[in-house]
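Heads up, the next two complexes both have chain A, just with different partners, chain B and then chain C.
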Partner chain A sequence: MIFLKAFLVGGLICVAVQLLMDLTNFKVTPGHVLVGLVTAGVALSAVGIYEPLVKFAGAGATVPLSGLGHILAQGAIKGVDRGGLLGAFNGGVAAAAAGITAAVVFGYFAALLFKPKG
Partner chain B sequence: MTAAKKVGAQTVAFAVPPVVSATATVVGAKEGQGPLGNTFDKVIDDPYCGEESWEKAERRLLQEAFEMTLNKANLKPRDVDYLLAGDLLNQIISANFVARALAIPFIGLYGACSTIYEGLAVGAMLIDGGFAANILVGSSSHYSTAEKQFRFPTEQGVQRTPTAQWTVTGAGALLLTATGTGPRVTHATIGRVVDLGSGDPYNMGAAMAPAAADTMVHHLTDTQRRVEDYDLLLTGDLGIYGKELLEELMRSYGHDLSERHNDCGILIFDRENQDVHAGGSGCGCPATVTCGFIMQKLRERKLNRVLGVGTGALMSPLTTGQGETIPTVGHAVVLEA
Partner chain C sequence: MGRNLKRTFDPNKPLEMQKQEYKQMVKKVSPKPPVIRNSIWAFAVGGLICVVGQAFFNFFEGLGLNTLDAGAATSIVLVFIAAFLTGLGLYDEIARFAGAGTIVPITGFANSMVAPALEARTEGMVMGVGARLFSVAGPILVFGITAAWLAGMLYYLFGPNAPAGS
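Let's look at the complex of A and B:
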């Protein structure tokens, strides 16, 4: 059941963004989508909408870029609880550290092992 | 004092039309599989051309095209007075590095995708002016270097819009000579830089169509010719949307191109089956189609008089990032069988 939910929620997020690109005559670019999804995730998480979505759909909500926004927002909130104002600055990236490091490590090995075909 | 060989505002008429005595083309796999596949001299299936990087691969394409042209004409690099070349990469590195290898006196050109026509025009002027007897002209592009330079690295897998065009992997070269046999360059019309305010780097055809129209109209006015005086009016890389826009613009100036217009970007790929969206583009597009297919038709006299208009978009990734619109240019050359 969780797979179905993940598929539906994750898929719907992607459909929404694809429509945003297609229906705006491609004025919304992949760059806008990248920044927009992360920012939207932060906003939705901050007002408490994203957490229930993650509980409901699991990876369907955490894997899209909005999931990164959610982690950043929650990290910042927890950071404030822990260390005050400074926590608002370091909490987000600290919470996302695993994902960021994984991107660097796997990116490095992928570049080492494979050659792009163009 | 008026210039003796200048006709009208932007056109020159050559007193002794220089001859395109040899041409060569080298392309990548996708171009080789396209409708003009059998008009190219060499198809290299490996996108790296056996080199370490795509930039080096593009240089290989250009260098092979030049060497093949020299071989066909039975000339050595030292027999050539000037090398005129350019490409799309920063500081025209493909042309610069190939010029290093060939050691021919080098004039680097940047006209973006119009470079081969800019080279034809400037080369023909040098020859008819009496400054050179043999000139090599060439231009190249590579899909992966151009995407990296102007858009996104291909590994990122960014979606391409329907108006996007596919940069041709290939190089075209030609030898211009004062005497000899082959198609002749009779006129050249140097284009003005035109910008009607398009800023979409994924819709270059629409940005460049006004420049092509501007040059075509000036050419026809300067030479007092009509569209019907040409068997073919060929544009560089407008693609399907740019072609439509050009024909509409030309109609508004009172010229009906309809049957006589075609575009290298449309000719080189099979749009239905090769997933290239609006057509081909890049310096290599007009270079390989002109040096291959068009020159063949002129040699066979299936075409007798062609007005070729190379079109170039003169922006850089920096200006696009700063929200600037795209200045464009069209350079025209008349080729006669």
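Let's look at the complex of A and C:
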């Protein structure tokens, strides 16, 4: 069941973005999409909407990049709970460190090992 | 195709009419985004990537990791797969059909780092690859980190444990 929910919710987020790219006159690049998603994820997480979505859809909510925003926001908020003002500075990135480090490391190695096509 | 187009274009007509005809001709041949087909592809591929993520998440939870750690491990695996497929040139092949379905998931984040970095090899391994890894990831991190900091600050100032007097 969780697989079906993950498929539906994750797919719907992608469709929403696809329609935004196809039907609006804005020049929406992939970069804009990803920036918008991570920021929206932070905002929805901060007001308490994203966590219920994660509970409902699992990876359908955590795999889209808005999930990274959710992790950043929850890290900052829980950081404040633990360490006060300092937590707002170190909580977010600390919580998202695994994904960010993986992207940097694997990204760099991939660029070293492979030749560009064409 | 070019020959067919020429036939619909009559040089004996007045210039204004030629212009009109030309405009309609361009409109006819320029590709419209196939909105429905794009959406179906985005839905199927994006949803499928999430299902793969869910499978890895369940696997890691089964190994005894808690929710946060299982999520982090899932991200690591997905990012690895996406970086690898981008290096092989396969991710961008899928992206041509799947559009947002391959951009939106965290695999799209990894792709947005590797793809420009690959092209920058000739510019050097430090200021080429090292810098261009962040040509898209940089803005993402700037906005994500700033927004999360703002959320933390607001929570600090106005949350349940706000400093006395506020």
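Just so it is clear, the second predicted complex is superposed on the first by the 116 of 118 C-alpha atoms of A that agree within 3 Å, B and C clash if a C-alpha of one lies under 4 Å from a C-alpha of the other, contacts with A are read in each partner's own complex, and residues count from 1 in each chain.
Methods note: contacts are C-beta pairs under 8 Å (C-beta built on N, C-alpha and C of every residue); 3 or more make two chains touch, one makes a residue touch a chain.
Since the model is a prediction, treat every value here as computed from it, not as a measurement.
Contacts of A:Pro116 after superposition on the shared chain: both chain B and chain C are touched. When the two structures are aligned on the shared chain, A:Ala59 is found in touch with chain C, with no touch to chain B. In the superposed model, A:Gly107 makes contact with chain C only, not with chain B. Counting the residues of chain A touched by each of chain B and chain C gives the higher count for C. In the superposition on chain A, contact is made by A:Phe26 with chain B only, not with chain C.
In the superposition on chain A, no contact is made by A:Ile49 with either chain B or chain C. By the document's definition of touching, of the two partners only chain C reaches A:Thr39; chain B does not. Shared contact residues of chain A with chain B and chain C: 21, 30, 116-117.
Put simply, chain B touches chain A in their complex at residues 47, 54, 143-144, 152-155, 158-159, 161-163, 200, 202.
Against chain A, the residues of chain C that register as touching in their complex are 33, 35, 38-39, 42-51, 53-55, 57-58, 68, 71-76, 78-80, 83-84, 86-89, 92, 99-101, 103-110, 112-114, 117-121, 125, 129-130, 133, 136-137, 139-141, 143-145, 147-156, 159, 161.
Against chain C, in their complex, chain A makes its touches with residues 2-3, 6-15, 17-19, 21-23, 30-31, 33-35, 37-39, 41-43, 45-46, 58-60, 62-65, 67-69, 71-73, 75-77, 79-81, 84-85, 87-89, 91-93, 95-96, 98-100, 102-104, 106-117.
Within the complex, the chain A residues that touch chain B are 21, 26, 30, 116-118.
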